[in-house]
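Structures are listed in the sections that come next.
Each of the next two complexes has subunit A plus one other chain: subunit B in the first, subunit C in the second.
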Partner chain A sequence: MRKGTSTRNIGIGIAVVAVFFLLPAFLPRFYVYLISLMLVYGLLATSLNIVLGYGGVFQFHHCVFYGVGAYATALFLTKTGVPFILSFLAGAVAAAVLSFLMGIITVRLSKLYFGMLQISLGSLVWAIVYRWYSFTGGDDGIHGIPVPEIISSYNGSYYFTLAVTLICLFLIYKIIKSPFGSALQGIRDNPVRSGMIGINVKRHLLVALVIAGFFGGVAGSLFVVVDKTVFPDMLFWTLSLEVFIMCLIGGWFSFFGPMVGAAIVIALRTFVSGYTVYWALVYGIVMVFVIFFLPNGILGFLEQRAKPADEKKLIEKG
Partner chain B sequence: MAVNRANLEVEKGEIVAVIGPNGAGKTTLFNLITGILKPDEGRVFFKGEDITGLSPHNVCRKGISRSFQVVNVFERLSVFENVRIAVLSKNRMCWNFITPSAKLLGDETERILSSVGLADKKDSACSDLSHGDRKVLEIAVALGASPEFLILDEPTAGMAPEETDRCIELIRNLSDTLGLTILFCEHDMGLVFSISDRIMVMARGSTLVQGTCEEVRRNQAVQDAYLGGDDYDVS
Partner chain C sequence: MDTGALLFQKILSQIFVGLSRTTILFIVSSGMSLILGVLRIPNIAHGSLYMIGAFMAFSVSNFFGGGSQGFWMALLLAPIGVAILSLITERGIFQFLYKREHLMLLLLTFALSLIFGDLVKLVWGAEYKSVPVPQVFHGHLTLVAGIPIPLYNLFLLLVGPVVAILLWLFVNKTKMGKISRAAAVDRDMVGAVGINVSRVFAAVFVVGCLLAGLGGVLVAPTVNVTLGMDHTLIMEAFLIVIMGGLGNIWGALIGALIFGLAQSLGILIWPQFGIIFPYAAVVIVLMIKPTGLLKSTW
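What follows is the complex of A and B.
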């Protein structure tokens, strides 16, 4: 049975990737840009979910790593002659280092206290970026960031984003399924017990935070490629809240839940705000419905429904 | 102060019970041994080594593992995954980021599950298990760390009579076949006197007496403080 479902899943995966690959041939530019954004935010939400859904950590201010990744890449590209690929990686590394430094302090606390401290420290980083005009451009941000020609067009940046997102998702998936990921899920369910079976809980969580920060940084650098701008709002806490909500709407116990959540939130933001300035109201109503009726998120709900169907098929096959 | 002037000695291969009224400090004593709490005074020695104040994961790596009074497992994972985490940790594989867990240590996990009689339920979500099975899973997770010294905090609490019998069988088996040293606390006096080599009696955080079943049964202080009460039938 397992073999059957796994070949089916691989089939679905290939089909989805093929559709994404062919999309630019059919869609107008605006939609290609929109899907690039969905991929970027999807990767960001998935990186948060490493520690949120799989680690049980209330990382309330994840966007700091996104913003710092984006700023690091942007600053390297505008102020130095470092090749693009190194500038791109510098974003992820800077985010991972920041995550390590913040993690050393925050990992001592748990649950809500962790979240509060994380918001405070993250807001400090935001304030620095916002105020340091001579270096970061303050609230003007940085515009017209030079990106290599081959990936600067709409389609070029789309394919680059798609490739990087796929690679990152694959790596995150491997990490979640590895013993490291198993132990992380153990810590999520029961930190005391995890310690009692020999897992160094704090160190394990710290490493998970660094990994989440790293991939958050990659998402930030991708945004630079897609949008060619950075601005301080990228690390303001309201965006973190939005990314947190993406995980909840899509399903924080499903691997692709955050991707789905990101697509939904971006679509709502883009299309509903075209009709009304009160788009946040629609967003709020969707949120209320999801929390009431789909506590495991949209994908979590679909997965639950799919399971009994599989078992039914098995019985029919006898 | 929950525990004060408590003495406990456990010899290799023994089954030792800690008894005492509710609030006597039995669980606190276990928490002190396993590093969940740090003592203000006093020392804990294991195989001649001072392990006082070590953090729980280091205590576990010395070879001490425990189960909890209230079932304390990994709720979102299956029975099999619950035990496998402990086995992975024991084999120091928790820093492996590459190999899928599903390909690792399946046999060892399977062996532990069948030794406690949960093999046929290995794919169940642990929230679907009966209370008795959950208490057994609780022990199985502790066994996953392959300890030399196993601490069981009220292993049969809340179990139906036939489940209790199964649990007694299991504890005997662990001692006989694996040669585990077992320390447990329990309110079921029948169970305590039937499987313990020695018993330690606690009251208000202190040790009243530690000795063989016979010595404890005859001890006047114990009679007065505990066994003489109407709640317990020693016969």
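What follows is the complex of A and C.
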């Protein structure tokens, strides 16, 4: 039974990847761009979920790492002659370093107090980026970032984004399923008991924060590839809360929840804003409904519904 | 005049600017702190109510033909309008969610702030609005060291302490305030002795939001009333509340003072990065005392 499910899952996975791979052949340019954006935000939300859903950490201002990753890549590309791939990695590394520095300060606190110190540190970083005209371009941001020919075309950036996102999702999945991931979930469920059985709680959380920051930075660098711009709003707290919303809508106790949530939010924003300037109104109302009726998100809701059916089958089989 | 005296004058006038900003920040964040302390809702929509207060001030002041009369009517009516709106929100949405996690409430209030933001756009449009400073407060007053202070700023400096004292009286001397403090500690127990906690919560929520509206009205004559003024303010108010200690009204005052002065003096020290100083101040305070400067009610 179990083996059957896992082969089935692999089959579904391959099919989904194949569909994503073939999409640019059928879809107009705009939709390819849109799906690239969904992948970027999906990766960002998934990276937040490493600490939020699996670690139980209130990382209120996750977008700082997204923004810093994007800015680092953009600055390396515009101000130095470093090869693209190194600039790309520099974004993720810069985000991871920042995450480490912030983590050292914040990790000793828990829950809401962690979140509040983190959001104030993040706001500090935002303020610096926002005002440092000579270096970051201030509130104008940086536009027309030179990305190599091969990945700057629509399809090129799509395939690059798809490949990087898939690799990152695979790595995150492996991390979650590793002993480290189990320890992290143990800490989420009961930090005191986890400490008692010999898990170094603070160090595990710090490592998790750095990992989340790293993948957040990758998402930021990917945004540079897709959009060729960076702007300080990428580090503003409203975007952080939006990413939170993505995790919530998709379901933060499911691995693919944040991905689904990101796709829904991006789709909603794009299509509703095509019809009306009051898209935030629609968006807000959808959010209120999700919070009222689907507190575990859409995937969480589906899983809950699927579970009893599976158990029924098991019982029938004896 | 020698440079020393000139610098002194500059600093002093920046302090006055900072203090009038502090008044606004205090009025808004004390309301937020009250709601956070008693109801445990980290209310992001608080900033939207501040914005709505400012827009209502514009409408009311226009209705009464602008000028002095318009301002005074706005000062009276706009906070009441905001209070009514908040009462509807509380009875319609929040009262069902008090048992939920803080995180959910945070996201819910964020959703509400998006909804309110678009409703403002729907009702008032996306253009700048301005509310005239009433006739009485035109002109300056020279108090110390030959610095002219706009009369309206002096008025703000007067309103801040009045609000602080009224709020202190409400929380400490009225029956409602006492019940709300008890409910902040143990909601079920207060319910068990036969008090309608739900109604008390609604009242506290309305009082808190009234303060947000009042802050909006008071700030309206000094700035352009515009969409997006909620987003900058709410972060500041949130940080002030955290810095002062959750739910502590005097903490909100101290937090607002630190934030307001760091902002105005920071601009003097390093014009380009003036915006960084208040955030740095918050980080320093929280690194030393993560639970805030004064005792929090949590």
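As a working rule, the second predicted complex is superposed on the first by the 310 of 318 C-alpha atoms of A that agree within 3 Å, B and C clash if a C-alpha of one lies under 4 Å from a C-alpha of the other, contacts with A are read in each partner's own complex, and residues count from 1 in each chain.
The rule is short, and it goes like this: contacts are C-beta pairs under 8 Å (C-beta built on N, C-alpha and C of every residue); 3 or more make two chains touch, one makes a residue touch a chain.
Nothing here was measured: the structure is a model prediction, and the numbers come from that model.
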Between subunit B and subunit C, more extensive residue contact with subunit A: C
Touched partner set for A:Phe231, first subunit B, second subunit C, both or neither: neither
Touching partner for A:Asn190 - first (subunit B), second (subunit C), both, neither: first
Touched partner set for A:Ile291, first subunit B, second subunit C, both or neither: second
Which of subunit B and subunit C A:Asn200 touches, first, second, both or neither: first
Partner chain in contact with A:Pro179 - subunit B first, subunit C second, else both or neither: first
Contacts of A:Phe214 with subunit B and subunit C, given as first, second, both or neither: neither
Shared subunit A surface residues [contacts with subunit B and with subunit C]: none
Of all residues in subunit B, those that touch subunit A in their complex: 34, 36, 55-57, 60-61, 65-66, 68, 72-77, 81, 84-86, 88-90, 93-102, 104, 141-142, 144-145
Residues of subunit A defined as touching subunit B within the complex: 174-175, 177-183, 185-186, 188-190, 192-201, 204, 253
Contacting residues of subunit A [partner subunit C, same complex]: 58, 105, 109, 112-113, 116-117, 119-121, 123-124, 127-128, 130-133, 236-238, 241, 244-245, 248, 277-281, 283-285, 287-288, 291-292, 295
Touching residues (chain side subunit C, partner subunit A) in the complex: 44, 93, 96-97, 100, 102-104, 106-108, 110-115, 117-119, 121-122, 231, 235, 238-239, 242, 272-273, 275-276, 279-280, 282-283, 286-287, 290-291, 298
